[in-house]
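Before any comments, here is the structure.
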Amino acid sequence: MYDLVASLASGVLVGAIYGLAAIGLSLIFGVMKVINLTHGAMIALGMFALYFFVSVLGFNPYVSLLPIVAGGFVVGVMVYWIAVNRVIGSSDLMSLLATFAMNMIIIGVGTALWTTSPYNVDFSLPGISWHGYTIPGTQIVAAALAIVIAGLLYVFLYHTRTGKAVRAVASNRQAAELMGIPTRRILAIAFGLGIAVAGAAGALIATLFPFTILSGGSYELKSFVVTVLGGLGNPAGALAGGILLGLIEGGVAPFVDVSWTPVIEFSLFVLILIAFPAGLFRIGKNH
Amino acid sequence: MLRMSAMAVTLTCAVLLAAPFAQAKTLTIGFTTSETGKLNADSKPQLLGFELWRDQVNTAGGIKVGSKHYKVALKYYDDQSSAGRVQQLYSRLILQDNADFLFSPYSSGLTATAAVVSEQFGKIMITTGAAEGKTYRLGNKHLFQLYTPADKYLKSALDVIKAKSPKAKIALIYSNDGFSSAVAKGALANAKRMGLHVVFDESYASDTTDFGPIINKIVASGANVLIGGGHYADGSTLARQLHDKKVNLHFISLLVAPDIPKFANLGEAALGVTVPSQWEHSVGYKPDFGVAPSAFTKAFEAKYGNQPGYHAAGGYAAGLVLQHAIEKAGSIKTAAVTKALNGMNAMTFYGRVHFATGAGDHGLQIGHDMVLAQWQKGANNKLVSQVVWPASAQTAPILYPLKTFAH
Amino acid sequence: MSQSILQLENVESGYGEVQVLWGVSLSVHAHYLTTVVGANGAGKTTTLRAAIGSNKVWAGRVVFEDDDVTALSAHDKARRGLVLVPEGRQLFADMSVEENLEMGAFSPRARTHYRKNLERVFGFFPRLAERRQQKAGTFSGGEQQMLAVGRGLMADPKVLIIDELSLGLSPLLTQQLFATLRELKQAGLTILLVEQNVHLALALSDYAYVLTEGRVGIEGPAHEVAQNPDVRKAYLGM
Amino acid sequence: MSELLKVSEVGKNFGGVRAVHAVSFHIDEGEIFGLIGPNGAGKTTLFNLINGVIRPDAGRIVFRGQDITGLPPYRVVRLGLARTHQIVKPLNDMTVLDNVTVGACFGAANLALKAARPAAREVLKLVNLDNRADQLAGELNIAGKKRLEIARAVAARPALLLLDETLAGLNPTEVTHMIAVVRRLRDEYGIAILMIEHLMQVIMDLSDRILVLNFGEMLAEGPPAEIANNTAVIEAYLGDPDLAHKILGTA
Amino acid sequence: MYKRPFFWIVLAVIAAFVLVPGISGDVGLRESLLLGAVYIVLASNLNLMIGYTGYVNFGNIAFFGLGGYIGMYLVTALHWSVWLASAVAGASVSLFALLLGLGILRLRGAYFALATIGINEAVKAAVSNFSPFGGASGMYLSFSSFAPLGGPRHALWIIYFAIVVLMGASLLLSLAIKNSKFGLGLFAIREDEDAAIVLGVRAPWYKSAIFALSAFLPAMVGTLYFFKNGVILPEQAFDLTLSIEAIVMLMLGGQGTIFGAAFGAFVYEQFRGFLLVSPLFSQFQLVVAGILLLAIVLFLPGGFMGWVYRKLPRLRKVLE
């Protein structure tokens, strides 16, 4: 019993990070219908950025989030103009391949720079212990920050002029253009935001676990699962989807071998996709 | 098509032209290494070991075969940590680069794939970093394994547990990959034979990054010692999270990861973790031929600026063993060198080397023993790796049980 | 006659490789309600889209306030005050009424008159004021059209271009919207209208163009066009 | 004349909005039946319900004595009920001939590929597209695409053809030609036709009977002369000629 | 079919693949061509989904991997002949694809692409835990398994020729489908699925059928390929990167065209192979390949054949 509770609790905490990681993917898909295959690479860059700020420059990890988010935004905007802008509006395949090509480039450069061996940010905070189970402080802070960042993104999207313009472009790009909204620039901003959030998620993950340049890949796959749980293109749903995924992982762990977890996750992913293409958290809404 | 056959002709000419020079004074040793992909971290040190050996041989004038001296040239390609092109590249090494001998890629899976080609051409391949025993049970004749086979990896860890706390509750958790499951299978059988008590036995997906769920299960099982692990990425992550989650264990022994010097970057989380190791720089083996352990370590540090782990030593030893066999055979002919290798039963800086010669397991390593190393606090609180088992190779007493966390 | 504020000069345009407009020229005079009528597929919507910049102009010029704006993007034209209320409303369905209106006033010029324009829109369409927080996607067709016009007005247009004002609306709603249109005209707004309800459109307009096969066939003061027997025959079927 | 299609009390809601409600009518063999009504009246939705693109919430559709309610479109066309789309759907990256061959291969004709091609060429002649047979469909202009749309449907050898605003966007010469084509389809091929059309003169000339829809409901049904004089129809569909004056008066 | 010039081109290519290394006995060339042939099989069968039907299957490698697993199981555990194992693997994976297709082919566009990624990962994870297939440690082939084919040296030649035959079969299958009523229906689905349905194309069944067909030959080749490798492991069999690379090959050559799929696969193999052994690029091969792909997507979306057709429209009839 204790182990189930403990597993669910860690599940929720890790799930919040999954959610944050998926928000970037979901936002970009929601605004421009592009499945961003650079997502995993960007998460990994976030991890290495944290390593750079903390282990090389000696910053506090949480303070480092600020420059990482800013840098992620700049990188995202650049990637948008280089690789994505030209394929907006053409077939799904084109944008998938354009972002996959960027992914190859980033992973290639990353491998040349850092090899594929793991890096560790040696940082820990006192945690909470209960019946022999301990939840590390870093995990609690990371989950809290994930929710804060998601909240800030929400505030941006719903309470600022530019944020509303992002939503307007997502809702109807043509009408937005007619209203004087420079839609391409807004798309670039949205892409930048998506990458910034992915970078932040990567940075938070790097405070918890060692990582390699390839680590982003598994979070990218998890992000797919999460976005499908939460509804593709629905950032608020993504956070909920992430926590749900964490709960599933934590919830099944006491009962089956953990090596079966991916089987359960991906089967669920496919089944939900077939049954509810708009995602679990869109059920009941008119779409 | 025309262009392709033209290309083939050019290549053939190049090979023919290059061949006489290669035969004259140079011995080419071919292999693939994982310059990219997920095996890179484990494969890289092996390459450094090969290169150190090559440099030393060449500085010393080369390999002596009868009256002739052969310089050593290494020829290698990136296998991208994937078997996809391994056969193509080994064919290329044999046919176009005229490799005289082969080393294995890193990992058992890639090695078995490469072996199909090397056996086909009757080329000797010294394997290092390919521990799985079943690779050598496929009817091969020219594979020679340097590593202690996987099923014996955790033997020394079990010996420690048996000696220190025979009633310990053992958790065996391991990465769901070929090598680690072979290790775990061997360990489980050994534990049973030794009358030890395994209370928890489970694998995790090899790309796991969050060990929270499985750690909770370990706690729930009431285990107080832990053995298992996998490769560097998952092993270091597991160690870090065991520490972060304050799991109270008397003893931790993980595969591979703690042997890589970078493991010390985990700081407190690394302290007390043991690793079954093919080799440690502090071992006191007295070699029948070649360098002493300390000389190897010194040379390695001088060249690369960090301490060698067992992957690096394995790489060097592969060269050394090959060199010895060639010199002993007085020939570079496959049959003669194979015979020399078959007959080898010698102590090296790397430990004993003795290959099985039966038809069913030809080339399997049967002479080499593992040691157990442990990360301990050394002078000025820096983490150092000490050999703690067996007693004959010990450089420091074992830390057992580990410090417990207050909850 | 008042001054011409927007001119299309021999505009050619189309979709992909299909040409729809074959040299359309028309001009919109300040404070006038100008109407474009014609059969489906004659190029009415394409004319508006070419004027606004949503469709590329293949040949010819678009002149707005004496500047050649042919090459400007739609959002740049909107910022200058050339605002289209598109066919089929094209609202931001997931956003509230207020947010839709706010997006209408996105351009810096419109932002300065945000309050004033908001009051004006709520004055014209009190229903929108009652339902500020409701999502646009949940509105009925008539309410959506009100919001679409309101959103266009928020952009503080110098020329308000409306594509199919009464499409799919009941006669009563059509009547209400046209009444509003008339008030806007009386308030001095310049309007360019495409409308299927030819009777109403011509009755309310100052000037009319009849498009046939991507060319301007007939043009003239609206009441004259309305009496033109060719127009009656071709488009009114009587 | 025997009854070909019978639509009884058919209805469809979209998220609470009544798109089509309690519509009933029938079409006899060889008949040309007009369907008119203001934009948004539910005409195209009714087409979608008849050929199975959308499943009705209520009512029954019987074609040639068989209940086809809710059958998928590919089954419906196989039974001899073909249609065109208001917004044409050419298979852009395929040749004009291949477009029509698809119709001949998979429609009621269900021909083998070898037999389908000559059949398709014949239909192309009927709509005057034979000289464009090897062009890509995407390269045709609007009028060409409209003709292609009809040719594809005709190639299926239907007993009943639903035409959705086929004349819209055509110039007077093209309209005249198309009217001739529609007449020939009925007179020579014996195909009954249900057509949505805005050109009143044409629909009045061509149709044997006309159904008027408004806000998803039946407003009137009858022979053209009757419909033309129905004031409710004039008001709903053509707009009240006096309405403009009413508005001007209110100010 | 033999009336079409392309039929003879295919035969010529097969002959070249057989004769050039066969006569010279050049094993290095053979290895390079073998990988090329495997890639051609993957790309041209993927073309049936992407190029013919308009459905982007990101998890196409699952067919190859599952075929390899089933075949290797039959060979190593049940000691079947590799030919029978390969055929049975092809058939059973096709059946699996047919059933799978009836479920996931209801999804369109990006949703379908995502689902196929999920399926590949789910199958990979399941196989990693499935002990009859050796779980994570996979299955190893004893050298004695090569004995019926005359020992390893001989066996690798035979396997090579067999894979070349399957490559030819893939190309001819593509050609046959292209010129059939079935193919016409698929093209109609690709261009506009809704229109196709209204014209009478029974889309759900057609899509499932082509999904199953596109699985058959890759699964057969999977068996032969892993038999030749001597080892099968989950991460090799279900390598998502190779799955995406197959799409890249198709794009490079030009989707929808048979020659393009084959040409793209072959050139890509040669190109990656060149980068890998070139001392200048080996460190940056991933980067160079990425830049090349990006350039194609951005500036040459029709691929090589798109460019050829534009320059020489008459070639449409010859290079299909």
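Lettered A, B, C, D and E in written order, each chain numbered from 1.
Just so it is clear, a residue touches a chain if its C-beta (ideal position, glycine included) is under 8 Å from a C-beta of that chain, and two chains touch if they have at least 3 such contacts.
Quick caveat: nothing in here was measured; it's all calculated off a predicted structure.
K.L.:
What is the set of chains touching both chain A and chain E?
P.N.:
B
K.L.:
In terms of touching chains, how many steps apart are chain A and chain D, taking the shortest path?
P.N.:
2
K.L.:
From the centre of chain E, which chain's CA centre is farthest?
P.N.:
It is C.
K.L.:
Contact counts by the stated rule: is the higher one at D-E or B-E?
P.N.:
Higher C-beta contact count between the two pairs: B-E.
K.L.:
Between chain A and chain B, tell me the centre distance in angstrom, where each centre is the average of that chain's C-alpha atoms.
P.N.:
Spacing between the chain centres: roughly 37 Å.
K.L.:
In angstrom, rounded to a whole number, how far apart do the mean CA points of chain B and chain D lie?
P.N.:
Chain B and chain D have C-alpha centres separated by 75 Å.
K.L.:
Where the centres are mean C-alpha positions, what is the separation of chain A from chain C, in Å?
P.N.:
About 42 Å, centre to centre.
K.L.:
What residues in chain B touch two or more of the other chains?
P.N.:
Residues 36, 176, 203, 205 of chain B each touch two or more of the other chains.
K.L.:
If I count partner chains per residue in chain E, which residues reach a count of at least 2?
P.N.:
Residues 125, 128-129, 136, 283, 285-286.
K.L.:
Show me, using the given definition of touch, all chain pairs that touch one another.
P.N.:
Every pair of chains meeting the touch criterion: A-B, A-C, A-E, B-E, C-D, D-E.
K.L.:
Which of the residues in chain E end up touching chain D in this complex?
P.N.:
179-181, 184-185, 187-188, 190-192, 194-203, 256
K.L.:
Chain A touches which residues of chain C in the complex?
P.N.:
52, 54, 73-76, 78-79, 83-84, 86, 90-95, 99, 102-104, 106-107, 110, 137-138, 151, 155
K.L.:
What part of chain B is in contact with chain E in the complex they form?
P.N.:
Those residues of chain B that touch chain E are 1, 4-5, 8, 11-12, 35-36, 77-78, 80, 82-89, 91-92, 95-96, 109, 112-113, 115-116, 119-121, 132, 134-135, 137-140, 175-182, 203, 205-206.
K.L.:
Which residues, counting only chain D, touch chain C once they are in their complex?
P.N.:
Where chain D meets chain C, its residues are 17, 38-41, 138-142, 165, 168-171, 198-201, 204, 215, 235-236, 238-241, 243-248, 250-251.
K.L.:
Looking at the complex, which residues from chain D come into contact with chain E?
P.N.:
Touching chain E: residues 51, 53, 72-74, 77-78, 82-83, 85, 89-94, 98, 101-103, 105-108, 110, 112-113, 116, 152-153, 156 of chain D.
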